[in-house]
Amino acid sequence: MAGYLVRRLLESALAVWGVVTIVFFVTRVLGDPAALLLPIGASAEQIEALRDNLGLNQPLFVQYLQFLGQVVQGDFGTSFQHGRPALEVVMERMPATALLAGSAMVLGILIGAVAGAIAALKRGSLAELVVMAIALLGQATPVFWLGIMLILYFGVNLGWLPTGGYGTFAHLVLPAITLAVFVSASIARLLRSSMLDILREDYIRTARAKGLMPHTVFVWHIARNALIPVTTMTAILAGELLGGSVVTETVFSWPGVGRLILQAIQAKDFPVIQAGVFVVASLFVLINFVVDLLYGVLDPRIRAER
Amino acid sequence: MAPPLLEIRNLTVAFDTPAGRVHAVNDLSYTLNEGETLGVVGESGSGKSVHVLAMLGLLPSPPAKILSGEVLFQGRDLLKLPEAQLRELRGGQIGMVFQDPMSSLNPVLTVGRQLREVIERHSDLRGAKAEARATELLDLVGIPNPGARLKQYPHEFSGGMRQRVMIAIGLSCNPKLLIADEATTALDVTVQAQILDLVRDLKDRLGTTVIWITHDMGVVAELADTIQVMYGGRIMERGPVRAVFRQPHSAYTWGLLRSLPDEGARAQRRLYQIPGAPPDMANPPAGDPFAPRNPYATDRCRTEVPPLRPASPVPGHMVAAWYDLPARLAAEAAHG
Amino acid sequence: MAEPLLEVRNLIRTYGGNRSLLGGARPVLHAVNDISFHVAAGETLGLVGESGSGKSTAGRVTLQLEPADGGSVRFAGQEITGLSPRQLKPVRRQMQMIFQDPYAALNPRMRVGSFVAEPLVVHGEDAHKDRIADLFRIVGLDPAFMTRYPHEFSGGQRQRICIARAIALKPSFIVADEPITALDVSIQAQIVNLFQDLQDQLGLAYLFIAHDLSMVRYLCQRVAVMLRGRIVETASVEQIFSNPQHPYTRSLLDAIPVPDPDRPRRKRLAFDVASNIPPREAVMAEIAPGHFVLQP
Amino acid sequence: MRQFFSELSRSKAGLAGFILLVLFVALAVLAPWLGLEDPTRGSLRARMTAPTWDGFWPGAHPLGTDEVGRDILSRIVHGSRTTLAVAGAAVVAGGIVGTFLGILAGYAGGLTDRILMRLVDIQLAIPLMMLALLVVAALGPSIQNVIMVLALTSWIRYARIIRGQVLSLREREFVQSARAIGASGWRIMLRHILPNVMTPALVVATLELARIIVMDAALSFLGLGVQPPNPSWGRMLADGRVYISTAWWSVTFPGLAIMLTVLGVNLFGDWLRDYFDPKTRSAR
C-alpha cells in the first residue's frame, strides 16, 4: 500500500510536469509578448531590448529550464494585464470556480443518483421513461445554451434571478443549476446502466436466494457495488466542469479561473494562462488521486493488488 | 407415509426471445421425500437448473415465464406464494448453492458479513451471537481458523474454500431442503471430492433433503439416493440410483453411461459416442426430444411425446420412452 | 534408442518479479519449475494437474508461445528455445495447439473456412477450397459450412473446426489443452474418438493436457502428473492406475467420481495442495522401468 | 444489413436518433439546393425580424433574422455543413489514430505501452476544453486547426478503450492459435484484432461525435472556432446572446439545432451499443 502511494504520487507529479511542459511550449507559439507589452508604434530596438530583458532571446531549452525552476518556486511571472504575480491573480479567482463547480457537483450527484436508482429499479415503468427522457435531453443540451435559455427565462422574462455576476446566493442559483443538469444527467444514465448490469450478477441471485429483504439487497449488494463506476464518473465530470468553466463562467459573467484564462488568452497574457492552466490541471490531478485512493476503500480487490 | 417435502406438478417454464418462445421446462412433475437426496443429471438446455430457479422465484421475468404448474413445498404452492412469504423460505427453509463460487459471492463485502446477513434475516441471533453462529458454520464446512476468515473478502479464498462458504450460507438456517446447482463443476477434482465428502457427511448428520444438480453421472452415483435424468426440458428417466445404473431404460441414460471411460477398458480403442448434438431449444424436435439422436427410436418417438411410465419392478423407477430398451439390447446381443 | 520427437528438459517459466520503477515489484511465481518429459512420434502423453499446477503454461512454453526462462525444448532434433519468430516459423508447421474453450478459440469475425485455411495461407501453401473441404470432411463437418461464422456452430462443432485448423499443415505433434472440458458430456466422447481416429490416420503425437485422470486412461500411453509447477510422477497409464506412488497421484485417482453406486464409499484422504509444495531439492527417481516419482 | 434495419425499426429511440441524424446530414448535404437565402448576406431592412410564416418560401423568415438581417433558418442549415464536416473529420481522424495506437499499445505491450499510456495520462491531466482552447489560441482558428485540436482531444478515448479490449483479446485463444500457426504480428493485428475492435471503436465514435459537436460549438461560442463569414452554430449563439432581451429567437434556434443533433447521435449511439453488446443482445 505504501509502495502504491509513492508510485501513485510519482505518477501525479509526472502528469503535472507534463502539463507544465505542454503549457510552456504551446504558449511560446502564441505570439510575441514583447510586442504586446509595449505601446503600439514602439521601435524594433525597444522590442528587442524588452525581449532581451524578458529572456526571450535565449535558446528555447534554456528558457524552458528557467521556467521549470520558477514554477517549482510557484513563480509564473507577472501578469501583463494586472501587473501582479500571475499565480496570485489566479488564486484569487479560485474560490469562485470551486464554489460553482462544487455546488453543481453536489446537487448534480444527489439528483442524478436518486433518478438513476429509480430508473434502474422501476424497469419498464413510466418513471423510468420520464427519468431517462429527461436525462437524455439533459445530456444533449449544451451547457452554455442551457445557461442562456435559463437567463432568458428566469432572468430576463421573469426577472426572478440575476442574469450574471457574483456575490449573493441568488447569483449562484442559475449557474449551479445549469451545471447540475449536465452532471445529474450523466450520473443518472451511468447509474441506471451499471445497476442493470449488477442486477444480472450471480451474487445478486445469491442475495435473493438468501431471502434478504429488498432494501438490504439494494443497499448492500446493488448500490454498494454501483458506487465504484459512479466514482469513476465523478472524476471525469469534475474534469468536464473544470474545463467547461471557461464557457459557463463566460455565460454567467462569473469571475472564476475559467473566465480569467479566456481573457488571458485573448490578451496573450502568458503568465496568467500558464498559472491558470497549471492550477486547474493540478486540481484535476489531485481529484484523480483522491478518487484512486477511494477505489481502494470501495473495492477490496483493488486494495489487494496494491 | 408422510407427505412428500416437495411435489412439482406439470411445471412448464418458457423464455420469450426475439426468435420466439423457448420452452426450457416442459410439463415437469416429480416428488421428493424428506431426507432424500435427488441427483438431477442433464447437459446444457436440459432444464435442470431452470426448474429450481423457477420454483424459488429467482428467474428474471421477463424474459422467463412460468406457464403452468404447481410447486408444493410442505403443502404450500410456492408459485402462488406472495413474494414476502417466498422470501421467508429462501435462505431459511430452502438453502441454495450455485455453480460459480467466484461470482456468487459479493466481491466488496466480507465473508462474515455475507454469512451474518442471512443468519440475522432468518433468526433472532444478532451481533456477537450471529458472529458466533457464523464462526460455527465456517468450522462446520471445514474452513480452518474461521474467526479470522470471517473478516476476509471472497477474493482471499481459494475456489474450494469459497464453495465451502456458499455451502455454509446455504446451511446457515438449518434448511429442510438444500439445492446445489452444479456446485462442484468449477472446482478441481480433489476439491470436488472433498466437497462431496462434506455434503454426504452433513446430510447424514443434519438430515437435510438435497437436490444435487450436475452433469456428472459419477457425482450422482456417489451422492444421490434417486437419480433423475433430464433432456430437452423433460424427465427421461428417474429412479433409485442402483436400479437406474444397473439397467437404464432410457437410451439417453444408457448412452451417457456407456460413453464414460471404463476401468480397464483400454483394449477397446473407441468410446461409445452418442451421435448428434443437444437439441436447439428454439426449434425442439417433435415428440421425444432425444429421438433424433437415438438409434432405438421408433416412429412414434419422433411424433409423440412419451409419458413417464413405470420402467421396472423397482418402485419409483420411471422412464419416458416408447421403446423397450432392455429388450432391444438383449435382441442385439443375441444377434451378436 | 532414437531421439524422441519432443524432448523437454528442465523447463522453467516464471511470472512476475521486478519491473521498472513505476511498475512496482511482484513476487516471482514459478509457474513451471524444472520439468522434463518427452513424447515419441505417434505417442500420446497425458499431462495431468489441477488449476494452477502449471500444466497449461507447460504446454504453451513447449510450443514457444511463451518464452522459457530456463531449460531446453528439442523438437525433431532441433533446439527451439530462443529461436526468433522467423526461425520458428518452419517449426510451427510441425506442431499445433488445440484449446479448451471452443467459444474463445474461433475468431468471431472470420468465416470458419478462412479460419481453417489461415495456416496454409500463412505458410504460403495452396489454400484452395477443395483442400479446405477435405479438412472439413476429415473432422466430420459438412464442407457447406465453410462460409458461415462461428456463432452459428455448437461447442462440439467449434472444436471440430479448431481441430481442422490444427491439422491443416499436417503437423506431427499437437498440444491439446483440455480440449473436452468445456463440452457437453454427450459430445465429449465424439471428440475423444476424433482424436483417436486422427492419430491412427495421420500418425500424430499428442501432449494431452487434462485436469483429471478419467479420460487420460483412454487416450494416453503415458501420463505425467503435475503439482505446483513440478512433475511429481511419470509412468505408463497402466502403472499410474495400478501402482500410483506419489500421494498426490493417489488423491487424484481417488477423487474421480465413479459411476457405480455399488462401490463402497469411504472418506478420502484429503491431500492439501497448498501445504504440499514439493521441496526445491526433490529429484525424480526411477522406481520401475519408465516409472519416475519425485522423491522428497 | 437487413438485420440491422429490422432490429433498428424495433427500437423507437434508436430509430428516432437515426432519423434525426439522417435528417441533419441530408440538410447539410442539400443546403445549396434548398432555395434558402444567402446565409452570409443580410438586409438592414430585415434586421431582427421575429419568426414569421407569412408568404413562406421564399421571402419569409420562419425562424426570424439576426442583428444584421440574415435569415436564421438558412444560417442554421448552412452551419450544419460546417459542424458536421468539422466534427465528422475530427471523429474519423481521432478514431484512426487512437485505434491504431490503442492496438499497438495493447498488442505490443512493454515499453511501447508504458510510454503511450503515460502520454495519455499527461494529456488527460489537462481538462480537454482547456487544452483545445490553448492550442487553437496558439495555432489560430482555421478549419484545419479546429479539426486537429478536436481530434487531439479525442484520440485518447479511443486509445484507452481499444487498448483495454486488445489486452483481453490478446489472451483469447484464437489469437494464441494464430501465433501457434506462425502468423506475424501484423497479420494478427490486422486480421484478428482489428476486426474485433471495430465495434467498440464505432461505439466510441458515436459518443465522441456528440461530445465533439458540443465542444466545437463551445469553441465557436468563445470566438475560437471556425471564423466568419462561415456560419457556425456556436458563433450564432454568441452573437445572439447580446440581443437576448429583444430577439429570443436568435439564441433559441441555433441551440435547439445543436441539442437535436446531439440527441440524435446519442440515441443512435445508445442503440448501436446495445446492438453490438452480446450481453444485452442475449437478454433481448
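Should a chain be cited, it is by its letter among A, B, C and D, assigned in written order, with residues numbered from 1 in that chain.
In this text, contacts are C-beta pairs under 8 Å (C-beta built on N, C-alpha and C of every residue); 3 or more make two chains touch, one makes a residue touch a chain.
Just so we're clear, the structure is a prediction, and the values are computed from it rather than from any experiment.
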Chain whose average C-alpha position is farthest from subunit D's own: B
A-D against A-B, pair bridged by the larger set of C-beta contacts: A-D
Centre distance in Å when subunit A and subunit B are each reduced to the mean of their C-alpha atoms: 53
Centre distance in Å when subunit A and subunit D are each reduced to the mean of their C-alpha atoms: 21
Cα-centroid distance, subunit C relative to subunit D, in whole angstrom: 49
Multi-chain contact residues (two or more partners), subunit A: 11, 200
Multi-partner residues of subunit D (at least 2 other chains): 283
Set of subunit B residues in contact with two or more other chains: none
In the complex, subunit B residues that touch subunit A: 53, 56, 58, 60, 86-92, 96, 98, 100, 103-109, 113, 117-118, 121-122, 153, 155-156, 166, 169
Interfacial residue positions of subunit A with respect to subunit D in the complex: 11, 14-16, 18-19, 22-23, 26-27, 29-30, 136-137, 139-142, 144-146, 148-149, 151-152, 156, 197, 200, 239-240, 242-244, 246-247, 250-251, 261-262, 265, 273, 277, 280-281, 284-285, 288
Residue numbers on subunit B that touch subunit C, as the complex places them: 43-44, 158-159, 188-194, 196-197, 200-201, 215-222, 241-242, 245, 252, 255-257, 259-261, 265-266, 269-275, 277-278, 293
Residue numbers on subunit A that touch subunit B, as the complex places them: 200-203, 205-213, 216, 220-221, 224-225, 228, 298-301, 304
Sites on subunit D touched by subunit A in the complex: 118, 121-131, 133-135, 137-139, 210, 214, 217-218, 221-222, 224, 237, 241, 244-245, 248, 251-252, 254-255, 258-260, 262-263, 266-267, 279, 283
